[in-house]
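Going by the order they are written in, the chains are A, B, C and D; count residues from 1 in each one.
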Amino acid sequence: MSFVDQFWQLTVTGLLVGAIYAVIALGYTLVYGVLQLINFAHSEVFMLGAFGGLFAVRALLPSGNINALLSVLLVLAGLAFGAASGGLAAFALERTAYRPLRRRGAPRLAYLISAIGASLFASNLAGKEFGRDSVNLPKDLFTYNTEVFSVFGARVSSQDLVVFLVALAMLLILDRVVSGTQLGRGIRAVAQDADTASLMGVNVERVIVRTFVIGGLLAGAGGFLYAMKFNASFTMGFIPGVKAFTAAVLGGIGNVRGAVLGGLVLGLVENYGQFFLGADYTDVVAFMVLVLILLVRPSGLLGERLGRAA
Amino acid sequence: MSTVLEVKNVTLRFGGLVSLDNVSMSVTRGAISAVIGPNGAGKTSLFNCLTGAYRPQEGQVLFTASDDRQSQLVGKTPHKITALGVARTFQNIRLFPALTALENVQIGVESRQRSGALAAMLRLPSNRRDDRDSVAESVRLLDFVGLRHRVHEISASLPYGDQRRLEIARALGTKPSLLLLDEPAAGTNPAEKRELEGLIRRVADTGVSVLLIEHDMRLVMSVASAVTVLNFGKVIASGPPEAVQRDPAVVEAYLGAAQDEGTGT
Amino acid sequence: MTTAVSARLSSPLARRLGGCLFLALVTAVVTGPDGSNVHPLDGVKNSLLNTRVFGFLVFGLLLFAVTSLSGRTKPIGLTQVRTRLSQAVGQRGTRPTGYLLLLAIAVLVPLQLSPAAQGSLFLDVGIYALLALGLNVVVGYAGLLDLGYIAFYAIGAYTTAYFTSSVINGKVVYPLPVHSPLLLNPFFVFPIAVLIASVAGIILGGPTLRLRGDYLAIVTLGFGEIVQILARNSDPLTNGSRGAFGVPPLSLHIGGFSYTWGQDALPYYYLLLGIVVVVMIAFSRLERSRIGRALAAIREDEVAAEASGVQTLRYKLLAFAIGASTSGFAGVLYATRQFFNPETFSLQASILVLTIVIFGGMGNIFGAVLGAVVLQGLAYILRDPIPLIGFKVPDADRFVYFGAVIMIMMVFRPQGLVPSRRRKREITMSEQGMGSADSLGSGEVSA
Amino acid sequence: MQLRRSVPLVAVLVAGSLALTACGSSNNSSSSGGKKTIKIGFQGPLSGDNAQLGINGEFGVKTAIEEANKKGDLPFTLQLVTSDDIGKPEQGATAAQRLIDDSGVVAVVGPMFSGATKAAEPAFTKAGLLSVSPSATNPQLTSLGFTTFFRVIPPDDAQGQEAANYLTKVVKAKTVFSLDDKSEYGTGLSSVIEKQVKANGSTVIHDGIPPTKDYTAEADKVIAAKPDALFYSGYYAEFGLLVRALKSKGFTGTIMSGDGSNDDKFIAAAGASNAEGVLLTCPCGDANVDPNAKDFLASYKATNGGAKPGTYSPEAYDATNAIISVLKSLGNDATNRQKVADAFKTVNFKGITKTIAFTPTGEVTAKIVFVYKVVGGTRTVLGTTVDLVK
């Protein structure tokens, strides 16, 4: 089992994980763009989205067999409910843990701690309400072992393909939103200079809330994808959260395309690293690469500007 | 007369943009010199090259310390350059806003001290001596710039003109042999300007060479003994103020700039 | 119609009412019955569709009444208490009597506590106070966000395990699969651990301290993770996740005198109290020295500091090394409680220390200690029924309450319990748009 | 001036808050309704990431206590006192001390995790308080001089050896991929298995992967190594995901895991079709499957609001019942910790998982290891290794 034999398999897996990292990373990067803050509670938005989508699909799941059309509809429903839960959670988060501090002009580290508190609160409350065991769908929406196609000999299951395509679609849509819509222009204006933006008639408060909600919608939908492929539990947010945060920094925090690139690079690096050094050292490799990249490019792969990138 | 600073063929580019184009000039020891030029002429870029904030692609900046040792400033970090004896102020005042006037100056003074962390934690005699010296020297400097009565005030709460002088005191604290002043008169009123003029002269009288960037021609003409004029990153004239003032290229540059300013921003 | 409703809803009073009622409902859910993953909404349903919810709504209305009538969101009495509290511990001018009184409390109160509370006072409060004091130098003084701080604690603990052995049941037990040829009394490990931890700090800081704010945060986070992963995976060196068992307790032999810190927590606590006091004195001197001023300068304006001759990188490195060595020192103390495993050195622990520092009041040594006492004390007290109400927080929900307290605290007092004066000024100024309260801000590169 | 006034204030605040901590844990055993109350402690992870395992144990203890109280043939009333150690060693000692401080506590079920056990036992030993772990399987634990420590579950070496024998002799695997979760439990188990597999003449490939959600890459790696069998040393949630990933990548070898995965939730996590044919070993009988445990199952559900027994619930139940049997035999001496601890050494109690009796070091004598197989979406007992491995 040489690296060459495994290369494509590892690449496919890496891109798949990377796409999910990227979807979560966007939430970090958008909020960072407008507030210059690490939203530490973003991982819990992701977790709540996962539960929302999963429970919705479970309630809708028919007892009989699932045909292709039905599975597509179920995935869409899960995405919608996941996104809605995530968006709602992000909205509540902004209202309770961020806005009051902004009104008081708190130092940046205070937001960080407030978000950590919110994160502890949300994840443990989810544990209380949804049980502390991991939950998954009672049956797969896609039949396993169905290889859709193979890329240079790498197997890609239909579920993986769906996860990847949906993630990709969300990334593209977000990119269009940020670069092409009025809301996107508002976000970019606030990211560059909140004071000037407000002088020029941008409602900064509203832009901030919407930025949170957009990040929440994405993370929520991403949470559903993740839960569909793996499972959901009240502690599920932490590790992907740290990874996605790393991805956002790797790409250049505040930079939308940087977050996507960072996510994919991190996914690939982890998988290649896992092959060479074993699973125990996956994170070591990932962080080593991060450090090396930051030493060469101190503000991430694509630099920082939200405005410039989109 | 010896020179304290020699700028030789300095060129600074940002991407395709040439900010400084083959600039050469020199500063005479003990004298007050000035760099003038319209907005965007490259004055602050030149300052940043002298103080290590920018690294020019070409050219040399040679500094001769009071002990006649010559060193190349290009490629050195700002604090190294300060340690050699070049101190600066900033165009848009950069004090440590939450610290007192005294503490601001102490930071400059203490950059020459050597007592370490352990000495500070154990409060060793060396540390106490350093502390005493730094307070005495800082108070002396505050007195020198006329801020004796403001010692314990928070720097951000000082009036604008006082902040300018405090910044000069902080720079003097590093015991420079060359002091670079970046538009010290910007935003000050006529009375403050007169005080500043006196202060700059007094600084020069203590043997510190001064190089200032200034917009205010009146101030430059009254204090400077040598003037270099920059326009579009090039030296277009240099010499004694009266000569420079009559230079047609300078007149042209300033008239053009004045028109720009009138119609522009 | 709708505009009228939304106008009414957006009026401050209506919004406050909504907020209070929302808070009441959240409280009802938090204190209500559990749900399960089979019926995910049952917990919420049973909490809200129940007569008890009226009690909470009344509470919400009361809250609304109190906050509206007093005309401000903060009850006045409490504010005064807080101000006095911060005056008592936040100022330089505190007189020796004040210090002595605090010290007397710290000495006498533990005698009244149960052994378990004493143990918690050492392991949870004391050690974390020491850790917070060290991190305060990094975050509070130098303004550097370090998320991998606990790694140095791990280094201290493993260094101790490497240099020591103990005798259990007549057998010599080495805590690690490898051990130093020269075995030492744990007291002699202190200097070694401090040295190794500070060297590790310099090795980490050297290349990375050039990075700005959040980039530094993520790199240090990575370092912390790497150290934990290495501890967990290097079985032949660290015994992996089985951890190190058999570090001997601290003992002192001077001439004929000898004393061993046994299993009881109290002697450990007093030793630690002494150490904490010494460290507090040392760090407060440090803050008031040229080094403290230089760090403040770096925090407030790095470019100006550099131009004033401050060797910014060197000072940051110094702050990093001081923080690291304090952490390493604490690691030795922790290790001498006989057993530890890599789980202790998790990212969550780093985050907890950071929370303590900021919760207590960034930049203030009293804040760091008070933060540890309050937060860790809270985590401990939540194990018992709340006095007066008699309500016992279910163990599994402890962190729901803990998180809520942190959040509420930061909302009402973002500067922490007892911020340092300098820090408080910086915060006020950054509100007015002057300077950055920490070097996390985009430290402008003069362009 | 203001300062002087504020210092006492601080004093009062600090002293008050600390005094509150003190009073919570100093209540002694009290008598109620004529019968004396005796407390049984429980220590385990009741909050944090591993709370579910702790709750499993707590519910098991609670079931046993309520049954005993209901029966009413004891000369005293039993009460449960819980102490949360979050499963972490740094909380282990404090959690233990809380139980020790409560003089009404005469015996403890727990600690559940090996790391917390190592941190807690010195205190239990010093206090002479009996502690019976339902789940700490690290082999080292009984050799560290903890005189009041017992466990009702065999250490990992027993299970590991049997599992390895089964794989090499019954499944006849020539190459075994041994994967652990890098936990104290997982690495302990995997190292025993690997040693035994090698001793039996087969090849071992080792890897470790800390709990994660994504086992895709690991599955690629396992498949590339082409082993005949894979043994996973870890817990059910991760094992479920691992099996899913392996099956989706087309792994056809034998998949096996140990007691940490022996739970119906594993089948849910893996998906019934993926879990089909997976083997599990456990030194325990499983309550949800074992016909002997039918009564327990009903009583557990009734006591705990319909919750089903999980991993270690039956062990916690058995440990508690063994303790109760000793308390019963001691009668009035049941309040004496030392006597309880001494009497427990010779306990002989037939529980639902096994007969609880101990070797002098505190290991349970019954080292029966069951092999389970997932058939048609449910776990079925194939038998004990004594019968299966010939």
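The rule we apply is simple: contacts are C-beta pairs under 8 Å (C-beta built on N, C-alpha and C of every residue); 3 or more make two chains touch, one makes a residue touch a chain.
None of these values were measured; they are calculated from a predicted model.
Of all the chains shown, the one with its CA centroid nearest the global CA centroid is C. By number of C-beta pairs in contact, C-D leads when A-D and C-D are compared. Measuring from the averaged C-alpha position of chain A to that of chain D gives a distance of 35 Å.
If you average the Cα atoms of chain C and of chain D, the two centres end up 32 Å apart. Centroid to centroid, with C-alpha atoms defining each point, chain A and chain C lie 28 Å apart.
Distance between chain centres (mean CA atoms), chain A to chain B: 49 Å.
In chain A, 124, 127, 131-133, 280 are the positions where the chain touches two or more neighbouring chains simultaneously.
Within chain D, residues 47, 51, 55, 182, 208, 210 each touch two or more of the remaining chains. Annotation for chain C: residues touching 2 or more other chains are 36, 229, 232-233, 396-399, 426. Every pair of chains that touch is listed here: A-C, A-D, B-C, C-D. The residues of chain C lying in touch with chain B in their complex are 282-283, 285-286, 289-294, 296-297, 300-301, 303-312, 318, 322, 422-423, 425-426, 429, 434-435, 446. Taken together, the chain C residues at the contact with chain D in this complex read 36, 81, 84-85, 87-89, 93-95, 97-98, 101-102, 105, 109-110, 112-117, 119-120, 123-124, 168-169, 173, 229, 232-233, 235, 240-243, 245, 263, 265, 334, 337-341, 343-344, 373, 377, 380-381, 383-385, 387, 395-399.
Contact residues on chain D toward chain C in their complex (touch as defined above): 2-11, 13-15, 17-26, 46-48, 51, 55, 82-84, 88-90, 93-94, 97-98, 100-101, 114-115, 118-119, 122-123, 126, 138, 140, 144-145, 182-184, 186-188, 208, 210, 307. Contact residues of chain B toward chain C in the complex are 48, 51, 53, 77-79, 82-83, 87-88, 90, 94-99, 103, 106-108, 110-113, 115-117, 120-123, 127, 130-131, 134, 154, 156, 170-171, 173-174.
Here chain C touches chain A in the complex through residues 29-30, 34-38, 40, 43-44, 139, 145, 207-208, 210-212, 214-215, 217-219, 221-223, 225-226, 229-230, 232-233, 347, 351, 354-355, 358-359, 362, 396-400, 402-411, 414-416, 426-427, 430-431, 433, 437-438, 440-442, going by the rule given at the top.
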